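Look for chain A in each of the two complexes below; its partner is chain B in the first and chain C in the second.
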Partner chain A sequence: MSGMQKTSVLRSIDRPTLIACGFILVILAAGTLYMLITQGTATFIEPTYLLQQLKIAAFLGIVAAGMMMVILLGHIDLSVPWTLAASAMLATAVGGPWAIPIGLAVGLVVGLFNGVGVAYLRVPSMIFTLGVNAVLRGLMVMLTGGFAPQSSATPIMKWFAAGQLIYLPVGDGFGLSNSVLVWALISAGIVFMLTRTSMGRYIYATGNREAATYLSGINTKFVLIFGFVMCSLCASLAGLLVAGYTSKAFQAMGDTYLLPAIAAVVVGGTNILGGQGKYTGTVVGTILIVLLQSLLSVMQMPEAGRQIIYGLVIIAMLLVYGRSNAMRT
Partner chain B sequence: MKDLRLRLSQSVGMWVALLLFSALYILYSSLHPKGWTVDVLVQNSNESFALILVSMAQTVPVLTGGIDLSVGAMMTLTNCVASNVVSGSAIQIVEGLLLTLMVGALAGFINGCIVVYGRIQPIIVTLATGAVYLGIALFLRPTPGGKIDDDLTWVTTNAMSEMDTTYGWFPNGAPGWFAHGIGRLPVPMLLLLAIILIVWLPFKNTVTGRGCYAVGSSEGAAYMSGLNVGRSKLAAYTLGGLFAGLGGLYLSIQTGSGNADIPQAGGYTLQSIAAVVIGGTSLFGGTGGAFGSLVGAMVLRAISFCFRVFDADSPMGFLANPLLQPIFEGIILLLAVSIGAARVFRVKNRLSLFT
Partner chain C sequence: MTDQQGHLLALKGVSKRYGGVRALSGVDFACRNGSIHAVLGENGAGKSTLIKIISGVVQPDEGTITLDGKQVTIPTPQAANDAGIVCIFQELSLMPDLSVADNISITTPPRRFGMINRKAQRARAEELLARVGCDDINPLTLVKNLPLSRRQMVEIAKALGRNPKLLILDEATSALTSADVHKVYAILHGLRDQGLSLLYISHRMHEIEELADTCSVFRNGQHIDTFSKGDRNDEQIVQMMIGRELQNVYPPKPIRNAPPPATLEVRKIGWDTKLSDISFTVGKGEVIGLGGLDGQGQRELLLALFGVLRGVSGNIVLAGKTEHVNSPAQAKSPAVGMALIPEDRKTEGLMLPMGVGDNISMAALSSMTRGLVVDRAIESKKIAEMVAKLKIKFGQLSDPVATLSGGNQQKVVIAKWLLTGARVILLNDPTRGIDVGTKQEIYQLLRDLADAGTSIVLYSTDYDELIGCCDRVLIMYSGRIVRELDGPEITEANIIASSLNLALTGQAAAGGHA
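Up next is the complex of A and B:
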């Protein structure tokens, strides 16, 4: 009986997630081995270090969660970098109690705009969101004069990003950053939405074959807009958290999140063509990417080597489980 | 007649882009204080060459229904390779040029191999290989620098007449057809013409080249018709790499150095996608061509040229404000690609919107 339960639990975690988890263990082992040899300590698996990594992972994880909605629909959102930066900049510029609502409103507006362009005008999402990204960048240059804004994040933004609601006074003390809690809440919400609501079904269905979904009587335009709004909202939320973490907003703050977010979603087993993928995979993919980046920086790998290994790891993992079917007659 | 009409309807995007470019460039030349001169033409074609080549590089994979997000990275990689090898004696220079182009083609070939034999989606393959190529570029050139043969830089970034003065083609004085004809054309423009005539048009008319269009229209149908789908895709990515290599080579010749500039690589990749769409190539594959992307890239460049020449005191002066330029460029980019790619205006049957 218990044996049967075990297989069903294993089966509910799909193969890409398992392989990615295995790779995370490999990274942890490699990092620990490296630290033991060079410094004689196992810093890489100490809880404080891992919690620190989790805190960094939360920002990428939230961006990746939103990106996954869009990728599940068979689209992509390249406007994430400047959605993130724009909401952080406007929020810090407004300040006060309205900072967070304004930042999220930016995400809402951008998401609605993207969604309408893709769902109603039927411009390919890759090119439309690319244009929106350019417009947002232009808007921010116009508003800030091309410099990082002087205003700093409000205390409540800082609290959300770096404060510690959960703190265990054991040993050196274990603090779980609030950003991780935010990530966990969003994750719970998305898992519920994807697996327990009709909207989740519609998202997978639209990503698989939009024409069939439309003919089944589902308003696929609304589903598309919903996906893009979710993505932009997540990006703007990540922008608010990053601004709270670094206590200010700056020009290129979003650029380092786009490609890692796409990589995290895809390494987590979501099909880039849409319609397939589990949210656990995205979380595991995010942690994998963050730990890989951290391992490479701990090893003091020069930027050149980091780029090369980063690219090779993504290709290698996809060669293991991301291959599409061969064409057969 | 019917054939002509079909051909026109297939390339209508390219013709619209050509009209747009003509309008923008006439506006630019008439506002420019030194407009309609060889100097301005030379300068503009120098500034456009790399983007045009990168856009042509993007076109070929897009025609097969794929995409290449590593074109900017391949350009940067070949830029860094060239800054190491294109100098010294004449033979060394020629070897260096060939080596640079081979690196570009090889990078594209590797993309193609992973797409065809690895069966991974092109968008994610080229995202990853792009990171690898940028890494190699950074490894070759950690800080900007390097050297390119000075004579080569001089002659390829000027009017054709400099070929004569530098290398002494006509010891008895240049004949009239050269001095007043070809001699006044910018070298990059002639190089582009040569690349289109020698590389693109012959490729397009081979079985493999036709295969790229067929694969982009319907991969399944192309496979069923007995076309070698894999070979067409491999050729498409390799040719993309070669074009990107030519772009990178020219960039290093133009700047006289190599620079592993990662943001610049990303910018070129994104602009190349925009140029492809403006030039009338469908992102879904099957229609369009490298010549259209050439025009698309020129439109993008002409837009930024125009912003430079508005007089700050004129009623249009606000257009010259450097702080406002990014937003105008963004809005124009968004409008251009949306009008070019919006399918809602074209479909006859609502169901075909969803494919």
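Up next is the complex of A and C:
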């Protein structure tokens, strides 16, 4: 078992992942250098800082994990921001022990709706999910417009997001936030699903060539719906965690997750057209995006400059992958 | 060969290769002014390549082209148009969302001050439509609102608008109603009398008899003969279209005294306008061929049986039980047990970037799982069995299947389906673009499978293959089975004659039934 696991891990480190890993080191080095020069401390490689980044990365990582399923299928889910927000808002509005089940149920329903729209109605996913995003937003405005529902997170949500099940009383104390554990658990589940189950194989096959997969007697509609449900469930889970972390749910809470999640998946080496990509890449891509965002804000660069550098880095990395692909074939 | 006098276009020693396939070799061909020249040949005889060279779509590897006595090259379709060579293709070239007038003047619209002069364009369209006897078509109608036969008339009007000297019609009458066909005949005869040269490609022998004054027969990329109409009868022409010796690459067929028990009974299958009233049975261990010209519904029939098409009427009976197959997933299920080797392995058969192993186990994966988890030990054992059985050659199992040769790719598709243990295998032209050696292996494999009790339905565009592999051959013509050829009746002459929907000649006709 462990031997097999090892080989599959080794195999899964493909070129884009390695490049992304290298880039993470570059970011850390640049950050450290900057801090040493300006403040004389190496904050960027201190464990507390890194743990803090990991905690932030967990939210984005869970969204990106779901997004990767949809991108592997050759589709996209633009309804993520408001799926995330709607789950959090409805969960906090209901409150009590039902908060988390309600939040996940929102994800399930949105995922099924997206999946049916794409698989059966054959609406291009980009348009369909964009529409769903707008509808969800309207519904949430209606919900909060008429009356002010409760929006503070329940204690369980807070515990999942910010509690520390693992705490090492060494030095200042190393606490690993529970949201990171949730991310790790989901990641393990997805790696298992993608590499060991028939569903994982069908997801890659459908993303590569839906017609050939369908003609192989595989229910591709079900595979598509499954992918969209996974994506929406991950988004709603992230919504619950973010609400727990910030103690409340608010309207625009999902807006900052959509493009970084897509960027994390693509920077991690998943083909935006579907069918190719390893999950490790998505994890590395998530960390890369989070560190890059952090570095840019630490350097106190003006917002415009941050956006430009952020965008350029993503484009540059994709160009590198594109070239390496072209050279191999 | 006729003399050089009065020739508008002459090709000398023209050859064209596609990869390892010789599409045309050393062809001499000429057509006169003021004549309708029919080009005949089987599928793959080289007719399309000839047309493509004349119209500038592809360039010949060798040989010269002479137009009006001057040697020319035709580098692009645009150059061909400028030289007065205009094609009307089988697949319509009209833009459905533009008006008839826009379409007719699409390449060279009349302009005024750099803008399209809509009034002049409309007048021009009216004039051209009147010339083809379709003054009832409003030039401002969108093409998509016209029925197919009218669109084909617009296509002809559009071609005339380019002032052709040489007009090429490639199956251009296939969609016309009989009333329009006669109009078109009159127009074409009129054009000939004006001194135009017309090249006419059709699989309909009756049309050729009515229209053409000269015929050329092609076979295997070679020009066989050119003769005036009436110099040869149908039988001689068919003989000329076949004309080659059969190679002995096929495994022997079993000798049966009684028909085998039926595995698959197809009852009155119909779909849209493409298939009507199709019934046949396939016995246990039988290889049934589907023949006929390209596009007579063979492909649709296989897809209908496999549950891909929506709204198929009729039903199928498998081993005495009526089954409703509405999706490939159902077709694959053990209760039905069908497999389809699709037409285009690159887009329908394989996930090209995925590994060889993943592709082989794709269809049968659900039988190799424990719970939801793939049992890798069983999977790799089954894959290894198939690789050995079909002698598939590759580097590593994880290599993308795209890196394999065409023949090995096709073997992967077949292996994928053999793993499901199907009892009926449908094959859509499985040997297209595959080298002879692999072809032979596939023929042997099909016969071995049949001997082991599998029922096989094989559609092939290669008549040799039907003759060599099949116990019975069903010939299709415009969505129907027009003839069933059994045992010794399966000859090339019979297949071609049936494909053209002609009566069988001589003794071979006995026993054949329409």
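Here is the rule we use: the second predicted complex is superposed on the first by the 304 of 329 C-alpha atoms of A that agree within 3 Å, B and C clash if a C-alpha of one lies under 4 Å from a C-alpha of the other, contacts with A are read in each partner's own complex, and residues count from 1 in each chain.
As a convention for this text, a residue touches a chain if its C-beta (ideal position, glycine included) is under 8 Å from a C-beta of that chain, and two chains touch if they have at least 3 such contacts.
Quick caveat: nothing in here was measured; it's all calculated off a predicted structure.
Q: Clash or fit: chain B against chain C, after overlaying the two structures on chain A?
A: Clash.
Q: Based on the superposed arrangement, let me know which partner A:37 touches: chain B (first), chain C (second), both, or neither?
A: neither
Q: Kindly classify A:25 by the partners it touches after superposition: chain B alone (first), chain C alone (second), both, or neither?
A: In the superposition, A:25 contacts neither chain B nor chain C.
Q: With both complexes superposed on chain A, which partner does A:199 reach: first (chain B), second (chain C), both or neither?
A: The answer is second: A:199 touches chain C but not chain B.
Q: By the touch definition at the top of the document, which applies to A:131: first (chain B), second (chain C), both, or neither?
A: A:131: touches chain B, not chain C.
Q: Mind working out whether A:214 is in touch with chain B, chain C, both or neither, as first, second, both or neither?
A: Both partners, chain B and chain C.
Q: So, A:275: does it touch chain B (first), chain C (second), both, or neither?
A: A:275: touches chain C, not chain B.
Q: Of the two partners chain B and chain C, indicate the one touching more residues belonging to chain A.
A: On the superposition, B touches more of the residues of chain A.
Q: In the superposed model, identify the part of chain C that clashes with chain B, out of 7-15, 25-33, 97-105 or 259-267.
A: Superposition on chain A puts chain B right on top of 97-105.
Q: Go through chain A and flag every residue that touches chain B in one model and chain C in the other.
A: Comparing the two interfaces on chain A, one with chain B and one with chain C, the shared residues are 209, 211, 214-215.
Q: Provide the residue numbers of chain A that touch chain B in the complex, in ascending order.
A: For this pair, the touching residues of chain A are 76, 78, 117, 120-124, 126-128, 130-132, 134-139, 141-142, 145-146, 209-211, 214-215, 220, 252, 255, 259, 262-263, 266, 272-273, 302-312, 314-315, 318-319, 322-327, 329.
Q: So in the complex, which bits of chain C are touching chain A?
A: 306, 308, 327-329, 331-333, 340, 342, 347-354, 358, 362-363, 365-366, 369, 372-374, 416, 420
Q: In their complex, what parts of chain B are in touch with chain A?
A: The contact residues of chain B facing chain A are 67, 114, 118-121, 123-125, 127-132, 134-139, 142, 219-220, 223-224, 229, 263, 266, 270, 273-274, 277, 283-284, 323-331, 333-335, 337-338, 341-344, 347, 351, 353-355.
Q: Taking the touch rule as given, give the residues of chain A at its contact with chain C in the complex, in rising order.
A: 196-199, 201-202, 204-205, 208-209, 211-219, 275-276
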